[in-house]
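Both of the next two complexes hold subunit A, though its partner changes from subunit B to subunit C.
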Partner chain A sequence: MTAEQEFDFIRDSLDHCVKCTICETACPVAAVTPLFPGPKYVGPQAERFRGAGQSVDASLDYCSSCGICTLACPQGVHVAEINSRARAVMKQQHGMPLRDQLIARPPLQGKLGTPVAPVANFVLSNRLARLVAEKTLGIHRNAPVPKFAGRTFRSWARRQPAPASAGTRRVAYFHGCSTNYFEPGLGRKAVAVLAHNGCQVVLPRQGCCGLPLQSNGIFDAARGYVRRLVAGLAPYAKQGYTIVATSTSCGLMLKREAREILGVEDDDLRAVSSQTYDICEFLAGLAEAGELQTDFRPVPLTVTYHAPCQQQGHNIGKPALDLLALVPQLKVIELDRTCCGIAGTYGLKREKYDIAMQVGSGLFGDIRAARPDLAVCDSETCRWQITHGTGRTSVHPVEILHRAYGLG
Partner chain B sequence: MTGQPRTAAADVVVLGGGMAGLVAAVRLAEAGLRVVTVAKGHGSLRLSPATIDILGYGPGRVDSPAQALPGFAEAHPGHPYAVVSPAAVAMSVQWLKEHVDTYSYVGDPSANMLLPTAIGVPRPSAVAPETMAGGDVRTAGPMAIAGLGVFKDFHPALAAENLQAATAAYGRPVQARPVLLDLPSAGQPDFGAVGLARRFEDAAFRSQVAAELRAAVHGEETIGMPAVLGMDQARSAWTELQQATGRPVFEIPTAVPPSVPGMRLASALHARLRRAGGRFVLGAEAVGPQLSNGTLTGVRISSAARVAPRMCRWVVLATGGLASGGIEVEVSGAASERALGLPVHGPGPGDAGFLPGYWDDHPMETAGLRVDSRLRPVGPGGEPVYPNVYAAGAVIGGARPWREKSGDGISLSTGYLAADAILEEAG
Partner chain C sequence: MEEGRHANIRLDAVAATAPIECEVLVIGGGSTGVGVARDAAMRGLSTVLVERGDLATGTTGRFHGLLHSGGRYAVKDPQAARECIAENIVLRRIAADCIEDTGGLFVTTPIDDPGYADRFVAGCTDTGVPVEEIGVAEALRREPRLNRRITRALVVPDATIDAWKTVWTCARSAAEYGARILPYHEVTAVTRAGDQVTGVVARNQGGETVEIRAQVTVNASGAWAGLLAAMAGCRVQISPGKGIMLATNHRLVQTVVNRCDMPADGDILVPVRTVSVIGTTDTLVSDPDDWAVTRAEIDQMLQAGENLVPGFAGSRVLRLWGGVRPLFQDHAPQESRDVTRAHAVLDHRARDGVAGLLTITGGKFCTFRLMAQDAVDAVCAVLGTTRPCRTADEPLPDSEDRHYYVLGSRLAGRERTLLDEQVICECELVRRGRLTDEMARRPAPSLDDLRRAVRLGMGPCQGGFCMYRAAGILHQTKHLSAAEADRALLAFLEERWKGYYPLLHGDQLRQAWLDDWIFQGVLDAGHLPLRAPARRPDTETAQST
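== the complex of A and B ==
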């Protein structure tokens, strides 16, 4: 299928819409604000009027791109993808705020912030500076922003000897920007857990996948980012490496959003997509085949587990639950909420912060009521939002496995 | 087995997240099997009134499904009820009643209630949420049908007028008059059913509604309201409205989707499934069987980037009928089964699936799988295609649920029995 055909395939899916409104009942944004009339209205219905690139409906901007509408649709309508593409056209026509250009470029933030991490972190946590940022840029003063680690994951990895592993599974680790600049510890633990399971782990050259650009409607730049990333990963995919991602949303970009939303379609992307696994999906696959190391020590903690919307977009269920169930004495409480509200960069924006917090309020309430030692969640921006909304420490499932394996 | 290490593959893959799939999945998971449910999207439960209609017309109006079922099954040998015994129907109803925490389901297969619809037609249902049962026109006194101005999907005058006419025709006229409540819209021009149900979770809003109702309703009237009285807290919302008005209140399922009672039931079953350790995979599609030397060892599942097998010992196929894509009509005019490629009993290529008149008995309506006495889909010779695949719900052909008012009764009882068959084999 060519990119052109795939684009049609996405848009044409609107003809399958029977107006059953199941997507409207599932939408977490429409549930809390009348500013967003719901995925069916702005999606399959409004799309019919968009025709020759006309934007007919500014409320589209309030869609958070969580993708739950597409998941819930019983008729196979690509509601979220239609909406994302329409928003890109709308923002092109109505102008792009500087803010959206900035928050959509984690590598730029990372390169600027990392060398001056103490200063950058001071500025980011300074109320006055945040007030200025809200007034001038429109980034909400209270929105959860991560701290620069100061030392990147890659600079740590460069000085590491290749992790010793007896195994023969070849894994190319796609760590993404946030692990590199903000959570290098997660990267170290992921590599250790993979090595413990007999994986030879390599770190291909890699940059941003373009997801934040895409969700802010900056498609040309997003395509450039994802093409560069794919060019770096494709040689590994073609040699039979499994590409394993710890950022569930960036992994989804490689699996399908680059094709379905950005319309990128080539051999390299196909090779990379079909070899890309979310890390919990990969490890649960080993478990299913009876090949996962199960030398787990007891971890006597109570944790909640929230599967982020972008993780659900992989259509793989919740493999983290199957992995955590293997850890002795770990009590896991499965939460049943679709979204924490942040949706990448959505909840950072001045005009959307309150909506995002309301979307997340159900989840926050459930977590507070469960009084867990840790709130487990696969996605970085969601972890920051959860900590912001509950005051609880939030970790990736792999961090629990790392502890249970006694890897340090 | 729940909560124990899960190093191996699933015992059962359930395909479909509607009534049939959820019932089977909950039963199997509660019995300790490892269950993974895979659903392309949400099932039609969220659109249907969530009353358990067992048999409403066969073809004349049925007063007692329990009594009518044996004769009905004899007259319809290809019908799912020819496989499901009346005792099994009763057991599945009992099971459902024990598995919904939101509120009670009342009634049983021995008698149909006659519950008003949003267009005022009394509809035969054997089992319904307690919030609806008060509308049973077999016993109800005079009614005030109350609509809310902010809710355009329910018209009290239409419902009341038709209800008077229809009950008169049934020989037991019920007095019904419309009432329109004027409620603050909180800055919104109007509400959908779900938005309104969420407002009913708010105690302040409920007391406003109760005050309006008190002013509008006369002494002996029963109050009928659209089925939007709260989501998870429906029972307390309903109880509180009755206390505050001093009158019995009943819910009428809305005609325009979505269905709030359907969402309540879906969420109650999902909660049970989670509690039992069952897994639910949303947005993934079954695209074929995984075979090893002709034996089905799993299901091929299409997810975001690839098609991969999910291995299992048994499959429950509950992918729904024509409305949900479990059965599809090909360009050739033939009907096919999408998930496992099983043979469909129905119009073939070139056959007339549809007749000219809207109300005709279209052959396509009954297209679906044929099953043996253990609910295993069979081929043309009557032999099970796979010994470890069971079918449940609307994917089974031979019924006309729209005419018979039998859809949810078939889905509930076959979902229950498919789980039974597997549990028997699992030992």
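== the complex of A and C ==
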């Protein structure tokens, strides 16, 4: 299938819409603000009025791209994908704010911030500086921005002897930008957990997957990013390596969105897509085959688990729950909320921060009520948002496994 | 940018007790008749128009939507081609708001005669139709869904034109110039005094009889012109040529796409507002009111679409309709497509020895203004006056600024009222205010009239979600009693079903099921109280005490 046909496949899915409105009732954004006319409206309905000329419906930018509409649609309409593409046309025609350009490029932030981490972090936590950033850039003063780790995951890994492992499973670890610049600890733990499970882990050269660019409607640049990333990963995929991702949304980019939303279609991407696994999906697969190490020590904690929207987009259920269930004495409270509100970079924006906080308020309330020791969640930006909204520390499921294995 | 003022006239409701007197009486409220009424009124003639149904419910409201460049007739019917391109230019000038400037492509598909393209270019050049060849790759870039096996692509200034909007703005302009526009007045007899036609007798919606006396009567009743002429004892030979069309759920192409070959069935795919329309066929029928669509014709259209846009046959089809061409010919034709598309003004004094009656027939939608001009020139000749025609220069209402209609206009308009106003028809984005304005203009609006006027219920759900809302609003705004609103709803559902059930499969069948659950399951439409409840005396006493 060519990219063009794939594009049409997304638009053509609007033919399946019977107007049932289920997506509208599932949409977390439409539920809290009238500024967003809702997924049915901006998706299958408005799409019939697009295609011949100017983009005229700026309200679609209030879509957070969480993708819940697509998941909720019982007829198979690719609602979120239709919206994303319409947003890209809008940005192309009407230009995009510098802010969107900036927050959509984690490698750029990483390269600028990492060497001067203390200063950068000071600035990021300084009220006055944040006020200036809000006024000049439109990044909300209270929005949860991560702290630079100072030392990147890769620079740590370079000095590291290859983790000893007896096993023969070959894994190429796709750590993503956030692990590299903001949460290198997660990367270290992921590598250790994989090695503990008999994986030979390699670190292919890799950059940003382009997801933040895509969700900000900057498609051309996003395609450039993802193509470069895929070019780096493809040789491993073709040699039979399994590509394992700890960033669930970036993994989804490789699996589905590069093709369905950006319309990238080539052999490299196909090879990479078919070999990419979310880390919990991968480990749960081992567990199912009876090949997961189960030497877990008791972890006497209470944790909540929130499956982020992008994780749900994988259509793999909630493998993290299966894994956490194996840990003795761990009490896991599954939260039945759809979205924390942040949706990548959405909740950072001045005009959307309040909406994002309202979207997340149900989740925050549940977490506070559960009084967990830790709030577990697969996606980095959601973790930051959860911590911002609840004051609780939020970790990736793999960090719990790492602790249960007693690896450090 | 938002359209919508085009139906801005109040329509006459009341039956005239005394006969209506006028200089010019026009029979038929299609593009031709309304064009004649506007032209005559602009020339200062007192004018009345009668139409048996709502305006544009004959062939005009059932056409393919194409503002021809003339390309289609360039080889076969050069006279029609010349008229088309001349009027194409005029209509772009005076009716921009009714036109979307889509452009047109003639493409040589695998089933077309490869030699036709050269004859086509020569024909266009001869008849003055601008034509430009582009590379196949460029054509596919513009229209990615086109059949990749096309071998040539020629660009012509085809466009699409909205019949309802054109007719309604013409009628509004005519009314502004003093014409009386009387929809729902069916001519039942043509009156004569000796060899002179003196007017007509018409029956209105309430079943009352209205007499209209005119110095000149213009028969602009399209495919029905033979029947009307016969009422005056005259003979006009019309060969009604039936054509059918199918509309897809959304646009598959943004340009009018024609097969580059001699005109044939299903050879044009037209982007009409939110949908793509494939058409058409051409079969002689004996009665313009009596024709049906067969399953074979539907399959034929789906296959024809497949040739232009691979995958077409699998796309969601919303509805199906047919129209009857008023093809004029003095001798019985063999083959409907062989009849000329050019028009004729017939003076029945010369033909049948009956004075005061003219028939204007043949032609096309896109030549309606020229047809009207010729007809009113003839009217003036009968009345012994010469008055210049100004319709080629004076824009229609709402088209003064010469901005073409664009597909996104309703979406843009909606964006401005997003927070303040309810959408009644979600598919076609009809705002509540737009609907209630339209209701206020009409004495007794039917849901079907509203459908045509504002495109209510024209989208994917085919009224499933908006018609019960509209019926409720009609009642709430005191246009209809509860029982009348119920009846209106049922009448609409039955009417829609006709254009719907022969095609039901796939997505549209699923939609029909959901709609059926809404109407039968939730609203119990099968058991609506269609009669006003009898007053119960006891409750009345209770209230009065």
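We adopt the following convention: the second predicted complex is superposed on the first by the 407 of 408 C-alpha atoms of A that agree within 3 Å, B and C clash if a C-alpha of one lies under 4 Å from a C-alpha of the other, contacts with A are read in each partner's own complex, and residues count from 1 in each chain.
We adopt the following convention: a contact is a pair of C-beta atoms (placed from the backbone, for glycine too) under 8 Å apart; a residue touches a chain by one contact, two chains touch by 3 or more.
For clarity, every value in this text was computed on a predicted model and none was experimentally measured.
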(request) In the overlay, answer first, second, both or neither for which of subunit B and subunit C A:Cys20 touches. (result) both
(request) Determine, under the contact definition given at the top, whether A:Val89 touches first (subunit B), second (subunit C), both, or neither. (result) neither
(request) State whether A:Leu252 touches subunit B only (first), subunit C only (second), both chains, or neither. (result) first
(request) For A:Ala72, decide between first (touching subunit B), second (touching subunit C), both and neither. (result) first
(request) Check the residue A:Gln45 against both partner chains and state whether it touches subunit B (first), subunit C (second), both, or neither. (result) second
(message) Looking at A:Asp8, would you say it contacts subunit B, subunit C, both, or neither? Reply first, second, both or neither.
(response) second
(message) By the touch definition at the top of the document, which applies to A:Ala221: first (subunit B), second (subunit C), both, or neither?
(response) neither
(message) Quick check on the superposed pair: does A:Val56 touch subunit B, subunit C, both, or neither? Answer first, second, both or neither.
(response) second
(request) Touching subunit B in one complex and subunit C in the other: list those residues of subunit A. (result) 19-20, 34, 75
(message) Help me check something: in the complex, which residues belonging to subunit A touch subunit B?
(response) 19-22, 24-26, 31, 34, 70-76, 252, 254-256, 273-274, 276, 287-288, 290, 292, 294, 312-318, 321-322, 325-326, 334, 336
(message) Which stretch or stretches of subunit C touch subunit A in the complex?
(response) 1, 100, 102, 144-145, 249-251, 254, 271, 274-275, 311, 315-316, 406-412, 414-415, 418-419, 426-427, 429, 459-461, 464-465, 507, 510-511, 514
(request) Enumerate the contact residues on subunit A facing subunit C in the complex. (result) 4, 7-8, 11-12, 14-20, 34-35, 37, 40-41, 44-59, 75
(message) For the complex, give me every residue of subunit B touching subunit A.
(response) 3-9, 36, 40-44, 46-47, 187-188, 192, 194-195, 198, 257-258, 263, 270-271, 274, 279-284, 302-306, 311, 324-325
